[in-house]
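Going by the order they are written in, the chains are A, B, C and D; count residues from 1 in each one.
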């Protein structure tokens, strides 16, 4: 008997389009999901013929509305610019499709709220947001340890997402323009660690007590290829500078629903930290520590070990029998990488569409992403108004 | 010709009395200072005869006032409870002595200010405060790297001092009583990392933008040996509980004088972190990272290395020719420990008394400790009043 | 213009068949090779229909001889049991095909020699052996550092490949039977680190000076599912035991062609080391260190750094512009995993078929694998005869 | 009541004289030993007046024979050149004294055997050899773990002692002259790791199966200050070179008494490894790993942990209640350093003199050091004769 298939449409063909295409191409090879994805259509405003051919998308189009309404399509996957997430997702939900969407959920909190509300009503459709680190076995194991009571009451969460590509010599890319990118490190990086905190602890962030957002590099060189488009711009030896209108770094502290303290910090100016997505959790019975730069390892401290032996334990999260997702890949101790997170979460999406109750780890849905966006908003408000912001004030 | 000597009097005979006695005993053996310390008198309110005999203090007394005024004494070293620092130090300064004092400088900001003021007027007397980590070669090297311009403009400082001995089963020791200890993790631990930040960067903390102070364990068991002293207390099977009146953890964020962001967090509830006095500094040209639990290593990232080679460099700070203090001890790569910090700083104290211009690293003086205390105060005010506090508001 | 394609036939459908299928599926997506592989035929003695369908092999057959002779096939990829490598590879070479083969090259040294000889004569055909760790960017970078003179004269190589799955409770799998597996840890693991040593240093191992081969667990439980096949065997509560006829661990020391010393150790009884493929190289000008368990990091020590700064540098080998293979995958600092090694080496195979002169790193060819097999043989001889063995004695 | 004292005489006043003086000065302050050491006399062939005054030795003399016979002296401590150990130790033993001696025990195996024999006969006198790493809490804990059965049958020991100060630019110091130093890295460094292996495992090394000793740097520049003493030598621009007559590196493999394999490697040419005294032990039930460069940490792997949690555990060996020696120093998690090993072992020496049955860890005695010297000899013989050497052949 042939497997059931579902037709997937991809919106977008950039870096994330590549990561998602890889996920759809490979998920069926490694995971024995009930539904097998068919790479049906790639919708992109740019010419995506070569991209689609390379990855095996059977069709390619610029008409996203037609795709969102196409009855042949079962599920859409959105990795277009942030301000287009809402119209695509809303249209696709309305036309009965399952929707997977890149983070952040939307360009504005209003949009995010609307998307979460609609998702809530469409009870038979699955929504998912690509907080891809949930697909890392180590992070899934961290969540399991909390669920199993290994950590106990959580006193502290300490999360950072530090990169270093945004130094003074980096030109004024679209990522430094507020109208294109929404925010800087905050939406790009803090979004991830807020989600990790919620995912692992199962708690909400209930208050941002203090926050600092800073743009250290106020002006950046306009890329040469853009100078022609700018009034007075000329391609020449002399550089022209333009304003950076996003944050380089945002740091804030706050509270968890069970009373613990939490700190979050993101930066693109943290030299030497390439992709340092780090989280440490301290609880009454134990602690956990993870850094994406060593993504296959989870550090665990059991405060109940006898004092002779007690110490941080470095767990290689590649045990096929014990660690999330791993059994689908290689034998024990064969290291996974960045893109496996996407493939793993694609399998969860397919499992949920198939109505499977027990998935490897819960992927983020639209509501999770909306909660995350509320925290981002609260942090910005706190930084701007120079006061604590309760999450209950941010709808 | 005999060496010149200076007569030292120690105030106090507890844990810190031991660490300081060790410093005075050994500094003359390892360092060729102009003045050799003589362990003249130990002043202690408890019976310190055995203590003094063990460490070789020639005299022992309970009459601290007499010692503070004794013309035979050249320098006093104070490691008594915090609320006695001010009277002893002020008396000793008035009577012309050099003064070394344990941190925090005083029990109140008013006292600290008065001490710093008097110290400033007594221009020929040396004051020092035992921020002992300044005596770690790795921290001194970190400061040198900043001075040499290896880090450039500082974007971020991220400092934590995390311990784990204060869980729910720890009884109501004096350290959990506000009247005895002043504060909890804040004064004990944040004091150190505030000093490290100032020491390495050479910058002031100019604002506390947000702050959280928390007492997670509200009640603790009264130690059995104290039950007899408590109304209704009885030694028996049933535990009696009393209120903890200090913070278990304080976390705050703020600004440095050159615009960088800084975060500080201390806790006694960070399971698995035994003495994790950590600091990370990110600047335009490079980064630094240190953790007291690996006190002999300094991590350095040079953002100007070519991209093929660039990476965090793990420097063992035990090179006799290149790293602060090391040449006085053992050959290269022979690890130093906790107490060496005290011996090293004792040598700086003696060097400064001898008028030496170029000391290995600048030890903290009363003014440094006063500035540190202002930051501690600002953090408490910010937590209490739930608003940012500029340091200029804290006199 | 359509891309040129080459038709690939896979021999085998086990664990390695999976790893190789993944490589052929993905190499064309990530690498812009001149020739695009077509997954033409899977040849397997077991029923491989589902396997082939899953991975997209267009044809499936049990008739390996027909495939080896099929003029439609341009290249064959062999991952069948070791004793079948030689007949398949020789037939395929004779019929003009390019040949990629799993390690070890052959079941016997005689076969390996014959294969290397034939490969040498077939100058227009490419041969490759899947020493997959050559495809790790960090190992490629290590080789580049040696080539660039960063290490200078090599004094020491220290290599280990340590696993821990072979404890007393592990049953008598085929891997513990000499007739099926050839050898134990030696052929499976030492093969890899011998190749790494040759790959990075560019030197030959010229002598095995001393060697120990040991079977610690002499008897192992016969797997229940096999008991029926064994004389007197019965499925029941009582375990039956059989002899393990391979080594659990082999350690040996020797010499490199430029005079350096080298040590090699492999074990399946090194508890806690899951896949610890480690190598450390010490030379006059610097040192290198790598462990597959942290495969994205290369540690480098520059002995010419000034003594204040000198320290092991932890290089994250994920810089798209500077590190081998990385530019074909994700942005900087997005971690790669185990299977990327295969995809990377598949691209080298395709590049060499296309006559490209400058490949990312040189993959192992039949001659490399034959040299490796000579070293393995020398180590066994040395252990058996209890004397040093010069490689010149092992033809 | 006054404490009992014992009068100690130190032989030698060099680097080790400093380390030992520090031990005798401080052991009484930190340890409550029954006998308190009195620093009675320093015997040295060079002028040691300043040295003795600095450290507080009450007498100083060049007449070592008189000291060895002096009835006032209870214990002698020998840190003179290796070829003088035997005469001093034998004389002191004959005159009834306790003897502590630097490693290696003697310049020749004959001397070592004689010393061990005499020590065996003098049953009421304590002998000790300063294998100082036995005084590191982490190494003591490793031994305890083996004793407790946490490791089970030992399969592998892997030990290295790697330094990097012996590069081509290092001049022809006495350490490179066979007549002065006996051997190079072998006696200096392999001695330590052989002892660590015996100390932790409680097993003997029963065979050296293969061994390589190498002098990479055949000639070294004669130090300028020595040129005047050399025939034809002249102080000038042109360097003169002399032959190095010791090994730079020795690596060997062998067997333990319970059948495990062991490898040992020492080098002065291992760039980046400053004092990398490393040992790893793999057993049926667990593994251990230690590196002196991180001397306060012991890594432990419990193979019986469940697979979800299993991982190397990083134990900070500074728990006052659980780890050897620590309770005598500072509160938990206050790092110890290099010289603490000597102070700790001095306390063991005093405890044994006082007849204490249960010491913190067993220090090495003359027999231990003799066994170690037999292994060193066997490794040299194996390297020279190019064959395995059974320890039973080396008397």
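FYI, contacts are C-beta pairs under 8 Å (C-beta built on N, C-alpha and C of every residue); 3 or more make two chains touch, one makes a residue touch a chain.
Computed from a prediction, not measured in an experiment: that's the story for all the values here.
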| item | value |
| --- | --- |
| Which of A-C and A-B has more C-beta pairs touching across its chains | A-B |
| Chain located farthest away, centre of chain C as origin (C-alpha) | B |
| Chain centre separation (chain A, chain B; CA means) in Å | 41 |
| Averaged-CA centre spacing for the pair chain D and chain A, given as whole angstrom | 54 |
| Chain centre separation in whole Å, for chain C relative to chain A (CA means) | 36 |
| Multi-partner residues of chain D (at least 2 other chains) | 310-312, 316 |
| Touching residues on chain C, where the partner in the complex is chain D | 153, 155-156, 158, 160, 162, 164, 167-168, 209-212, 214, 216, 248-249, 251-255, 259, 261, 263, 265, 267, 269-273, 282-287, 301, 303, 310-312, 382, 386-388 |
| Chain C partner contacts - residues on chain B that touch it in the complex | 141, 144, 300, 302, 306-316, 319, 321-323 |
| Residues of chain D defined as touching chain B within the complex | 15, 19, 21-22, 25-26, 28-29, 54-55, 163, 165, 274-275, 292-296, 316, 318, 330-340 |
